[in-house]
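Pasting the structures in now, so scroll down.
The following pair of complexes shares a single chain, subunit A, combined with subunit B in the former and subunit C in the latter.
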Partner chain A sequence: MKLGVFVNDYKSTVETVERLTAEKLGLIFIQNGVFHAALKENGKPSPLLDKTGNLYALSEDLATRGLTAADVDSRVKVVTYSDVVDLIFNDYEKLAWL
Partner chain B sequence: MGVLTLACFSSLVGSKSLDFTLKLAKTAADKGHTVNLWLSSNGTMIGKAHQKHLKDYSHAEKPVRELLEKGVQICECEACALARGIQKPEAIEGVQWNAMHWYLAKIYSSDRVLHVGGE
Partner chain C sequence: MADIKLAFVIQRPPYKSETSTLGFTHAISYQVVEMLLEDGQNVIPTVCLVGEGVLNLIKDQKAMENYGVTSVESHGKNSLLVDLDMLVCKEDMERFGLAEDRLLDAEDMGADKKLQIVPYAEIQKVLEDSNHLLFF
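Let's turn to the complex of A and B:
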């Protein structure tokens, strides 16, 4: 199963993500979840970024928080709403909301 | 083109999840997909007509009407609305009122489903 997970908050969701099993796992950071893509705590990026190679952050939600693509970890792809719709239909069969 | 069913349990107040849901619905509809939107729990508050657009206050009546014009089917959980004091005559014209079976039927006929949690 190809599973796309929307992460909408900046809290530790590592244990929840680790319990998800998928042939392909994607993490889509939206709302305050985009902080996972841009912030570091004690010099370390969010541990969520180590959970999959398919990482996305919504550009509009970065912008409303004063962040740009330059602030985002190089492993994360910055996407638009249109890109998210394409991810939903083309890349992931099931969707979850954290 | 596919069918996307969204469910939102969040209100406009204290959460950006409803805002996200409406924007995602609009984008999917603009790209030619069929979109269904189920509003439950506090999400039912956006189905009420005559929301005043005050500066700096969240406001969703206009985007809801725009979604309806694009052919997005929007349905409120009737029990959730009534429990919050919203009566059917107060609803935005075109917003459907029904029970959970509406949402379940849409899920079964959809290619993708995203269930957006509440507060």
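Let's turn to the complex of A and C:
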């Protein structure tokens, strides 16, 4: 299963994502999910960033919250809406919205 | 006659819901309450930002450009403009790795007030001194 997961909240989704397994797992951080990509709580990046190598954060949602690409962990690729559409159609056969 | 002290505690992050925005707008509209009080009695509001609530204060939010809505930053700046005391939890800023220069101010709007970054103990004291606590 190739599963793309839209992570759109900051705290409430961590445990759910940590339990998910897939042949290919992508985490697409949108809305308040982008805080996972940009914040280092108590100096530590979000545990979700260790879950997979396929990490994306939506640039528009970063900018809305006063965050820039410079704030984002180097493991996360900053993408546009257009890039997200490509991910949906080309990279993942199933999608989940948390 | 004793004044009425209100603490507006904003603990939720911005944009996912209207919660934090409502915290600011309720605090800004505190003067309306004074119409219901005795002559000479005042409302003294304090806005406290704790936990993920501190994320509302990151400056340069591009909400109008991306979502077509007024940014939470604007509501925070308007709160300073109407001279609300705004206390920001120092420990939570450190927890999220936010430096003071990442936070908004309203100097460009002519506000005299600034955000006050304080230890949680100081916020706790405000909560204890308040007549009513309103959590958002």
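Going forward, the second predicted complex is superposed on the first by the 97 of 98 C-alpha atoms of A that agree within 3 Å, B and C clash if a C-alpha of one lies under 4 Å from a C-alpha of the other, contacts with A are read in each partner's own complex, and residues count from 1 in each chain.
Definition applied: contacts are C-beta pairs under 8 Å (C-beta built on N, C-alpha and C of every residue); 3 or more make two chains touch, one makes a residue touch a chain.
Computed from a prediction, not measured in an experiment: that's the story for all the values here.
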First (subunit B), second (subunit C), both or neither touched by A:S82: first
Touching partner for A:Q31 - first (subunit B), second (subunit C), both, neither: both
First, second, both or neither for A:D91, with subunit B first and subunit C second: neither
First (subunit B), second (subunit C), both or neither touched by A:K40: second
Partner chain(s) touched by A:G66 [first = subunit B, second = subunit C, both, neither]: second
Partner chain in contact with A:N8 - subunit B first, subunit C second, else both or neither: both
Doubly contacted subunit A residues - partners subunit C and subunit B: 8, 31, 60-61
Subunit C contact footprint on subunit A (complex, rising order): 8-11, 31-32, 35, 39-43, 60-61, 63-67
Of subunit C, residues touching subunit A in the complex: 13-16, 52, 55, 58-63, 65-67, 71, 73, 95-97, 102
Interfacial residue positions of subunit B with respect to subunit A in the complex: 2, 4, 16-17, 20, 23-24, 27-28, 31, 33, 111-117
List of subunit A residues in touch with subunit B within their complex: 6, 8, 30-31, 60-61, 81-82, 84-86, 88-89, 92-93, 95, 97
